[in-house]
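Chain IDs A, B, C and D follow the sequence of writing; residue 1 opens each chain.
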Amino acid sequence: MDDLYQVSDLRLSLADMTAKPLFGTAPRLEILKGLSFTIPKGEVVGIVGGSGSGKSTLGRAMVRLLEPSGGSIRFAGTDITHLDETALRPLRRRFQMIFQDPMSSLNPRHTVNRLIGAPLALHGFDGIAARVDRALDHVGLPRSFKARFPHELSGGQRQRVGIARAIAMEPEFILADEIVSGLDVSSQAQVLNLLEQLVRDLGLTLAFISHDLSVIRRLCARTIVLHHGEIVENRPTADLFAAPAAAYTRDLLEAIPLPDPGQVWD
Amino acid sequence: MSFLSVENLSLRIRGDGARLLRSVTLAVRPGEVMGLVGESGAGKSMIGKAILGILPRAVELSGGRIVLEGQDLGTLPAAERRRVIGAKAALIPQDPLTALNPSRRIGPQITDRLVDILGWDRARAEARAADLLAEVQIPQPARVMRSYPHELSGGMRQRVLIASAFAAEPKLIVADEPTTALDVTVQKQILRLIRQMQERHGTALLFVTHDLGVVSKVCQNLTVLYAGAVVERATVGAFFAGPAHPYSRALLAATPKYTDPTGSLTPVPEAVVAAVRAEVVAMDEAEDG
Amino acid sequence: MLRAVVLRLVTTAITLIGVAVIVFVVIRVVPGNPIALMLPPGATEEDVARLTALYGLDKSLPAQFLIWVQGVVQGDFGTSITARQPVLDLVLGRLPATLELSVMALVIACLLGGVAALTGTRRRDTKVEGAIDVANGMALSVPDFLWGLILILAFGVLIPVFHISGRVTPSLDLPFATNFYLFESLLRLRFDLWADIVSHMFLPALALAIPLAAIIGQLLKQSLKETMHLDYVTLSRTKGYGENHVILREALPNAVLPTLTLVGVQFTFLIGGTVIIERLFSYEGLGNMAIDAVINRDLPLIQGIVILFAVIFTAVNLIVDLTYAALNPRLRHGG
Amino acid sequence: MAVEGIDGRGRVRRRAGMRLWLSGLWLALVALVALLAPWIAPKDPLMQDLFLGRMPPFWTPGAEPGFWLGTDSLGRDVLSRIIHGARVAMTVALVAGTITALIGATLGLMAGFLRGWVDLVISRMIDIWMAFPPVLFSILLIAVLGPGLTSIIIAIVVIDWTRFARVVRAEAMAQGAMDYVASARVAGRGRIGTMLVEIGPNVLPTIAVLLTLEMGIAVIVEAILSFVNLSISTDDPTWGGMIAEGRASVHQAWWVLVFPLVTLFLTVLAFSQLGEGLKDRFDPVLR
């Protein structure tokens, strides 16, 4: 069993609250329209797409924050498509998620120590204090930050706490959902380098969701391109950049403004 | 001959006196496209806001002046200043989703400036609006003018805002991160549109952005800011061939470039940040005497 | 859409039935026999039994409820024990007084609250806004009952400019065909009567209005200030418009909507407040009658009044929802 | 926007600190007076003397020495009755407020976070409760339960739990949509655990504000019930009872209405200002 994730014909529809009539129920909107792919152990895969492509929904389905309405997701051989919360709990440690907005994903009333340590306690880890220290070391934050609250950190530091919380659980898989899109280029580069190094050092399997192909290129061995809830391309990143097969991928690539006045837009 | 000149502009936060802009000097020629670049907190959008007279209440002008076509805006009475700005300058805002009033139809949101401030008659203003909508490639302009903002997509709304900015044939347009909220494919179309319109109308453009890639596509000249101070001024050609200031160099190195697969990104080194910060502090000390 | 309307009607019906059941059960455990109160001293056991049977009080609770519901469906809410008149007539006779009071209070609240919100927004981040916030805070934390007492002292006793009891000066000759005195006096162009009625209603209406005015002032100001930060407001400034235009034309129409739904709920609280305010000002409305009904253990009358209040509350909520839909361009144009 | 907040923040904190102190001080005073009532009241609050009826307060001509705030129509000392009335007011505020908060907040938290059928049942109940005029409902309940302190407390709890349930439900729903709740699920925390550990602390400030407000409301409800003559027995001194008496004789003896009214007003105001002050204190960003 080499594939950590096996996703086949994944479908998901959500209630469309924007079209909800004043009284009554909202119509359902199909977000994911039958996706199939696998993620081998140890691979870093990029998931890219525009707004409304369904990339974040796919991520949330993979870590089972959302329940798919069709198809299946297997994680390490276990079918997790419709598992209930109790059955999922022992598995939860093994797939972790880093969120886009660290301000809303870190409980404003908990200290950094508690944010990283409480999930560990929940899963019966021993030596929690030492593990929290080590996680902070890993992400390059001073140990003295343990006493701080999220609002006392900068954006880049908060995102590091999010990463520390995920890796402290010693997971097999991490899902990173647009984790650098809110950051300035300088902290963006720092966080990306950190993630790259952690993947190498800890042997993680990583899915990296982004709207930005340039970021994907640096980090990911393989790239899945989503468009309107369907996979339009799923290939090694180098191939994809050298010769994009799908028209949408080509458009996407050409539209990226390079920091180079030599690039000409027709 | 520059028709917009910002001279030694300094801004502070009212009350605690924290500096937002430190003696910024800037000159824009008619028809020029000038990029204002910097990371968050660099004060780049504050310059545009100061020019357009829409600074937040908590910010005060602590020095310098803004001259638009020979008129020092600071010397004009408030109502007159608003009228001058309304007639000569315009804004393309960042977020097309919040920049159109959801309870008013599109048409009046384009024509209101022409009718109320410039005194055009309504029929002429509406004809002008329809022409502009056609110019920004909106199909069925007459129908769009009767719709409400929520009936249009994000890209369409940004086109409406561009049309609206050009309505009064302003001499200067400030574009404040106009494509940050859009997908890259839409961004490309919008950037090209802004550039086309600017060339056709001969308008000067002050383009505020954090994205060096966008600057290289749109601007002729650029000004790099750090902590409210100008770090570097250059033509786009010279800058991307090799920035003069170490901070600009570091910023360029930290910008991802997908055509360059092996080169890993270099975060802005701490030493560079410390050096540029020291420069800024030195400026402050010189100013405080 | 049809399904949605049906759903809404069903939930409304559940609410009303729930209210009816609760009142029915609660008042039937009232200690003290209402029949005994009605009869002159020295009435025989037989008299009591006869009257008990007449009002159906000898049957089981579910049976009584069924009889009552059957009656209600036919428009018969029973007969008041104390007044010996049909409950429906009594209640409908008093309803106009309470409605006029509530609507007058609502109008005052909207005026006061609107002015406070607009002034606070126009002068935001200044001492004026601070003063408005303090006034709002005080108005909000003290309920209508206390405002009523304070108004009685201030404008009824200290500077006696308004009447503090009743609905109209009793010696006046009333030519009215309905009980909507305020409305009808205007229609008949009897401004003398109208002034007298307003002078009676003003203080109780103001007492009811003060807390609601504070809520409107606070919510609308907050909503306006949030709207003032949005890009379309900024854009309007760059076009050359001044502060007043920006607040009134750009911000206000959008700020009113979120305030509206909350004001709907608060208006039902205001109507609920008429019960004690009418008592305080001896104003002859539904609420005053309700308190008498409780004190006299007039079961059919209590039931009728409570149900009527519940109907009014649900109707107000429905009207608010419909107004919201009518004002919101997103819903109006099926976006 | 960050820029705009900076100026305002310091001002908010200063004002909040002030009102926290003032309202705390007043409430402490009322509580102390309630505790020590039998020892500090200058007269017996029940003692009637028809020859001393409607004596004005001490600074007016015709005042009777020893009766500082005057007497009511039965010649009872107004000051002593206010002091003794504080006992009922404080008991009702603390006991009814706390029980109402516990029940209402728990139901609201469950409805807002657990959703599903729990929410359906609780929301429907809230709807039904909201269709009652609260004052009439409380009068009705007292008529059923009979007068007395316990009845008042029960009536307040039965009627006002929705005030907590509604607000806490909305707040829990808003907090439940935040990503920190999703991240707790990713960490493997169960539904109940998430509700108590993650959501709980974030709705606590809201509950605290509502609680102090409710304490003020409880005092008012007691006063209203006394006013319609349904509270405690008519002899026992309560602020509401005194106000009812004062209202009846407002043209002859204003002081019988004014003094208990001012006391009640200040107490209710202090409770709500205490809540607002606490909310700012609790806010981790403002702290």
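FYI, a contact is a pair of C-beta atoms (placed from the backbone, for glycine too) under 8 Å apart; a residue touches a chain by one contact, two chains touch by 3 or more.
Since the model is a prediction, treat every value here as computed from it, not as a measurement.
Engineer: Along touching chains only, what is the step distance from chain A to chain D?
Structural biologist: Contact-graph shortest path, chain A to chain D, evaluates to 1.
Engineer: Please identify the chain with the largest separation between its CA centroid and the CA centroid of chain A.
Structural biologist: Centroid comparison gives C as the farthest chain from chain A.
Engineer: With contacts counted as defined, which of the two, C-D or B-C, has more C-beta pairs across the interface?
Structural biologist: More contacting C-beta pairs are found at C-D.
Engineer: Between chain B and chain C, tell me the centre distance in angstrom, where each centre is the average of that chain's C-alpha atoms.
Structural biologist: Between these chains, centre-to-centre, one finds 52 Å.
Engineer: Which integer distance in Å separates the CA centroid of chain C from that of chain D?
Structural biologist: Their C-alpha centroids are separated by 23 Å.
Engineer: Could you grab the centroid distance between chain A and chain B? Build each centroid from C-alpha atoms only and quote it in angstrom.
Structural biologist: Averaging C-alpha atoms per chain gives centres 33 Å apart.
Engineer: Could you list which residues of chain C touch at least two other chains?
Structural biologist: 125
Engineer: If you look at chain D, which of its residues touch at least two other chains?
Structural biologist: 1, 4, 7-8
Engineer: Any idea which chain C residues touch chain D in the complex?
Structural biologist: Against chain D, the touching part of chain C is residues 11, 14-16, 18-19, 22-23, 26-27, 29-31, 125, 137-138, 140-143, 145-146, 149-150, 152-153, 156-157, 229, 265, 268-269, 271-276, 279-280, 287, 290-291, 294-295, 297, 302, 305-306, 309-310, 313-314.
Engineer: Quick one: in the complex, what on chain D touches chain C?
Structural biologist: Residues of chain D touching chain C: 1, 4, 7-8, 124-125, 127-128, 130-137, 139-141, 143-144, 146, 213, 216-217, 220, 223-224, 227-230, 243, 247, 250-251, 254, 257-258, 261, 264-265, 268-269, 271-273, 276.
Engineer: Write out the stretch or stretches of chain B touching chain C in their complex.
Structural biologist: Interface residues on chain B, with respect to chain C: 52-54, 57-58, 79, 82-83, 85-87, 89-91, 93-95, 98-104, 109, 112-113, 116-117, 148, 150-151, 161, 164.
Engineer: Report the residues of chain C in contact with chain B in the complex, numbered from low to high.
Structural biologist: That would be residues 124-125, 230-232, 234-242, 250, 253-254, 329-330, 333, 335 of chain C.
Engineer: Considering the complex alone, what residue numbers of chain A touch chain D?
Structural biologist: Answer in residue numbers: 60, 63, 65, 85-86, 88-90, 92-93, 95-97, 99-101, 104-110, 118-119, 122-123, 149, 151, 162, 165, 169.
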